[in-house]
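Multiple structures follow.
Two complexes are shown next, each including subunit A; its partner changes from subunit B in the first to subunit C in the second.
This part shows the complex of A and B:
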C-alpha cells in the first residue's frame, strides 16, 4: 500500500503558504493515532498541475482574495470529479473576510454549491467521534468575527464530500511545531485525523 | 355563323366540361380512397405516425395524377372533328354530313351546303347532353361514395390520418381496453412558465429529458384503477381522464428512475432533467487588472450577458479591501443593477471611487453578476471574471520604492580585487626602479592579500553550496598548503558538480536549494582565477598574475550583476519523526471525544464505490469505464474475485454490452444484498 502524502495546494493568487506548519502537524497526528502509512513530510503542489491527481486530499488556505486561474479551475474540477477531496480553511476566521468571499465564490463556480455539513456526518465519526467541527481558540477569543461556526460547509458529490470548507481557522490552530503538542492537554489536531481518514476511505 | 356550326360548338363545350368534371370526380375518389385505405390499415395494424403523416400528401398526389390522366384521356373533346364524329355516333342519321362539313378539306364544297340544309332537321343536342352526363355520373358517384365512407369513419381514426399529431397514439381505443393500461403511454411536457416554450409530447418513451421543473402529464388508455406512478420519494395514483388514466408530476432536479405500476406489471421511465444554465457573464470593461495612481475618478464598467432561457437582472459587485497582513477591512457594493429581458443583454455602470471611500493602497475586486428568470430551480446566478484594480500606496510613485537587499559580501571583494589590481599594475610600472628582491617581496605581499580575498570568496561560495561558512577550510585547504587533501582543481570540480544542478533552471529549485545558487558559477570562475593569480604573485610575477586578477574582477562583476530573484520562498520543511510518534497518541478520559469505531472496512468502501458506479451507469456517464477500471485496480489486492467481476463489467462496457450482471456479481461478492434493494431496482434498468 502506498503511503499517504499530505499535499498543500499552491495557487497563483493570495498567500497559499500562510500556514507552513500545518502539514507537519497533520502528519504527526496521523502517525500518532493511526497506522496509516504516511510520508514524513508534506508536498506542495500547484493547483494548476495534474500532479494534484496523485493526492487524495488537498489542503488549501490563505488570507487574501482567491482568484483561480483558468488552468487551476480546470484541474480542480477534474480532481474533484475523479474523487479527490479538497480541504479549504479560511485563515482569516472571518465570515466577511476577503478569503471567504472570494474562495467560496471560486469553489462554487468550480465545484458547485456549498451546503452546510450536518454535524452527524460520517466525517465526524471517521476516526475520532466529534459532535461537530471542533471549536478553535480564535472563535472563542473574539478576535475574529465573534462567531462560533457551528457547521462546516461542503460540496457534496452524492454522499461524498468533494470540498470541505471551514471558517474555523484550523490553519492558525494547527500551525505550530508538532513537538509542542506535549504542552497541550488535548491534542487539537485530532480532527485532522478524521479529515485524512475520511479522504482515504470515502 | 351557320346554325349547325353553333350547335357543334356547344356540343364540344359540353363534352369538354363533362370530361373535366369526370376527371375531377375520379381524382377526388382516388384521393379519398388512399386516405380510407390508410385509415383502415391504421385501425387494424396501428400504423406509425410517419406513415400516417405521409397519407394526406399521398392522397393529394394520387388525386392530381388521376386528374391529369383523365384530362389527358379526354383531350379529344377539344377537337371539332372528334366531337363531330361523336355526334355522328349518337345521331347516325347525319350520315357523316357533319364530319364532312367540319373537315377543313371540304370547307368550300357542297358538303357544307348540305349540312346547312339538312342539319336543323336532326336533333342531336339532347342525345349529346345525355351521353355526356352519363360519363360524369360514375366518377361523381365514386367520389360521393368515398366521401360518405370518410364521413362515417370514427373521428378519432380520421384525425390520426388526416391530422396526425404527437400523442395521438392513445386515440386508438383498442389499446388498453381490456388489456394492459401500460401498453402505451404518452408523456406531455410543459416547460416552466418562465421559459414560455411550447409543449412537447412523447409517445412510449423509455426516458424523458426535459428542463428541471417542467410539468409532465403521463397518460394511458384503460382504467386508472391500480395504476400508480412511483419515484424514490413519492407514490401517486393515476386519475381518470378521457376514457383513460393520467398522472401529473414535475420533472425533478436530479435524475430519477420512476416506475408506472399496476397490479400486474410495471414500466420504467427514466427522468433526465436538463439544467437551466446560469448566465454567462463577460466583463469587458475594465479589460484587465490595473493600478490607479490616485484614489479618485470615474471607473467605467461594462459587461455582456447571455443565458439559455432568458436573463432577469444584472449588476456589478465591487469588493473594496484595505489592509495588510491579517487585518483587512472589506466593504461590498452593488452598482448598475438593471432588469434585462431576452437571452442576451448588457449592463453598464460608472463608479465614482470617491463614493466607495477608496483610499490609497486599496484593492477593488470588480465582477459582473447576472441572474436568469428561473423561478423553479433557480435563479441561476452567473458571475464574470474578477478584475482587480489597485490604488497605488501613498507616495508609491514619488520615489523608487525598492526592497533593498543587504549588500552581497562579494561587493567588498570587488573593491579589494580592484585595489589589488591597482597595486599590481603600479608595481609593474615601478619595476624598472626597483630591485628584484623588493619587486618580488612586494608581489608576494599583494599575493597574500589575494589569498585572503580568495578565502573570502570561498566562504561565500561554499556557504551557498550548502557547506558551512569557511568551507574552503572545511575541505582541508590550508593556506599555501599544496599537500591539502583536495587540490584546488578537485575542489572546484566538486563545486562545479554541485552547482551544475542549478544552472539553466534558476527558477526550478529542488529541496532546500536557494535561488542564489544561480550566481555561484561566476564566483567559481573568480575563485579559480584568484588561485592562478595568487600562484603567480607568490613567485613574484605580477605580470603573469594580472590577467588572472582581471578575470577574477570580471567574474565578480558578473556575479554582482547576475539576476537576483526575490521569492517568498518555502517554509523550512519539518520532517516528522514517524517511528517516534507512531501510535504514541492517547485520548485523555476527560476529553470530550473518543476514538470512533466507525472506520469503514475495505470491502465496505469497495461496495460503496460499486454503488457509485451503478449511478454512473444509470446516468450514462462516459467515464464509467474509467471508474470500473480504477475500482478493479483497487480491488485487486484485497478482493480478487470482485476485481474479476469488475474486469468483465469493464469489457462489457467496452463492447457496448450490458455490464449489469457483472456489477451485480461484484456487489454480491462484497457482501451487498442486491435482492429487494434500491440497488436492484436501479440495476434492472442499466442500459
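This part shows the complex of A and C:
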C-alpha cells in the first residue's frame, strides 16, 4: 500500500517555491493526528510532467503572476480529469494581487469556473470540525487586501473538489518549522489535515 | 341445415410431408373442416400460428401425430451484477450445416451465436429486455432478460488513494457504494451505511487493506450467507483475513521493466500468489503467474487480487474506463445476484422444440441427433485406424520371424 506523499507543483512562471516550510509542516500534522501512512518528506514535481500523475494531491502557491505553459495546461487538465486534486493558495492574500488575478484566470481556462465553496462543505468536517475556512493571522497583517476571506473557492467535478483555491495565505500561516508548533495554543495546521484527508477519501 | 353449411363433411386423415405443405393444408382445414387425424413432418420451424393451430386442433379432437427434422436449441439469459446491464447469454443445442442462430433484441440484430454443426456458444453483451433467436428468416425462440437487484458495494480499508479511487470508479460505473475508512485509531470516515454486512442489502465487499480485520467475523458470516468479498493483497497481511484468502500472498514482483507511468494494468506491480487452496480457481494470470484467484466459501465467493497500487491505473492508464470496468467486473464476479421479476417467456419460448412437444405431445420419432453421431463416426474411424496399425505391426513381425 503506497503512503501519502505531499507534492508541491513546480511551474515555469512565478515563484512556485515561495513557501518551502509548508510541506514539512503539513506532513507533520498528518502524521501527528492520523494513521494515514505518510512519507516523511515531500516531493517537487513539474506541472508539465506526467510524474504529477503519481501524486493525486498537488499543492501550488506563489506571489508572482502565473502563466502556465501549453504543456502545463495540458498536463493539469489531464490530471484533473483522472481524479487529481489541486490545492492552490494565494501567498499574497490579495484579491487584487498579481497571483490571484492571473492564477484564477489560468485555472478557469484549464479546469472551469471557480465557485464559492459553502462553509458547510464536507471538507470542513473531513477530520477536524470547522465552520468554514479558518482565519489566518496573516489576513489582517496590513499587507495584501487586508480582508478576512469568508469562503474558499473551488472547481467541482460532480460533488468532488478538483481545484481548491484559497486567498487565506495558508502558505504564510503554515510556513514554520514543525517543532515550533509547541508554542501555539491551537495548532493552526489542523485544516491542512482536513485537506489531505478529504483528498484521500472523497 | 345451417350447421352443415358451416362445418362441411370431415375428411378422414391427412399426411403432411413438410412445414411448407402444412401452411397450405391448414388454410384448407380452416375453410373446409378439420380432419379426424393428421400426421405432420416438420422440416422447418413452424410459425407460432401453425404450432398453436395444431395444438388447438388436437384439443378439438383431431388426432395429431408429428415427427421432425428440427434442431433442439435453447437460449438462456443471465444478468450480471453490472449496473450498466450486461447480460450473459448462453445458447445450447446443435444447428444444421450453414445455419446460424441470430440473436436480436428490441434495438435490432446483436450477434450470431454460431453457424454450422457445432454446439452453440455464449456471449456477454448489453441487451434490451427481450431476446429473440432467428434461424434464417424465421424467429424460433424468445426469452426475457430477468432483472437483478445488484445491492450495494462496500469498501473497507484505510483512508488512502486505493479506497478513494475504488469508490469513485464504482460510483462512476453505477454502483451504490458505502464505505468505512479508518483515518486514525478508532476513528473512521464513513460513507452511507457500510455495516452490518447483510447479504440482502450488500452484494460485495472490497477489503483493500488489513485495517478491516476487526470485521472478519462479519465478513465470514457474510460469505457464508452468499455474499461476495474481494480481498486486495495488502489485506492478507492480517492473519484473520488471510484465512479467508484462496491463496497465500508472497513478495512483490517487478513489472518486467515497464515504467510506472506507462499505461496499463500490465505495468502495475503485483504480489506473488502461491499455495492456492485446493478449491481455488485462477481467474487471471500475468506472465504465467496468477494475479486473480477465487474460491467458494460457504454460499459466497471470495476473490484475491495480486495488484498493489491498483489506483495508479486510473491516474496513468491509457483510458479513463479501463480501471472502472475492471473493478466493476470484480464486483459483479464476486457479488451475490438476486434475480427478480423473471417475466414469463413469450409464445415462442426459450426452447422452441420443447414448446412444440408441449402443445402436440411426444413426436413419433426422436428427430436428428447430429452432434453425437458425428463424433461417434470419428471414433469408429479412429478405432479402425488403430486396429489396422496394430494388425500391420503384427503381420510385419510375423513375416520377419520376430517373436
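The working rule: the second predicted complex is superposed on the first by the 201 of 202 C-alpha atoms of A that agree within 3 Å, B and C clash if a C-alpha of one lies under 4 Å from a C-alpha of the other, contacts with A are read in each partner's own complex, and residues count from 1 in each chain.
Please note the rule applied: contacts are C-beta pairs under 8 Å (C-beta built on N, C-alpha and C of every residue); 3 or more make two chains touch, one makes a residue touch a chain.
Since we're looking at a predicted model, the values are computed, not measured.
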{"item": "Clash-or-fit label for the pair subunit B, subunit C on subunit A", "value": "clash"}
{"item": "Touched partner set for A:24, first subunit B, second subunit C, both or neither", "value": "first"}
{"item": "Subunit B versus subunit C as contact partner of A:127, first or second or both or neither", "value": "both"}
{"item": "Which partner reaches more residues of subunit A (counting touched residues only), subunit B or subunit C", "value": "B"}
{"item": "Partner chain in contact with A:201 - subunit B first, subunit C second, else both or neither", "value": "both"}
{"item": "First (subunit B), second (subunit C), both or neither touched by A:33", "value": "both"}
{"item": "Partner chain in contact with A:54 - subunit B first, subunit C second, else both or neither", "value": "second"}
{"item": "Contacts of A:186 with subunit B and subunit C, given as first, second, both or neither", "value": "first"}
{"item": "Superposition clash, subunit B against subunit C - the stretch among 400-408, 508-516 or 634-642 that is involved", "value": "634-642"}
{"item": "Subunit B and subunit C footprints on subunit A, overlapping residues", "value": "1, 33-35, 81, 126-127, 160, 197, 201-202"}
{"item": "Parts of subunit A lying in touch with subunit C, wherever the complex brings them together", "value": "1-2, 4, 33-37, 50-51, 53-54, 56, 79, 81-84, 126-127, 160, 197, 199-202"}
{"item": "Residue ranges of subunit A in contact with subunit B within the complex", "value": "1, 15, 17, 20-21, 23-24, 27-29, 31-35, 38, 40-41, 44, 63, 65, 67, 81, 91-92, 94, 96-98, 101-102, 105, 109, 122, 125-131, 134, 158, 160, 177-178, 185-187, 190, 197, 201-202"}
{"item": "Subunit C residues within the subunit A interface of the complex", "value": "158-165, 168, 179, 181-185, 189, 208-209, 234, 260-261, 308-309, 312, 314-316, 320"}
{"item": "In the complex with subunit A, residue positions of subunit B that touch it", "value": "319, 321, 325-326, 328, 330, 332, 363, 365, 383, 386, 388, 568, 570-578, 581-585, 587-588, 591-596, 598-600, 605, 608, 612, 615, 623, 637"}
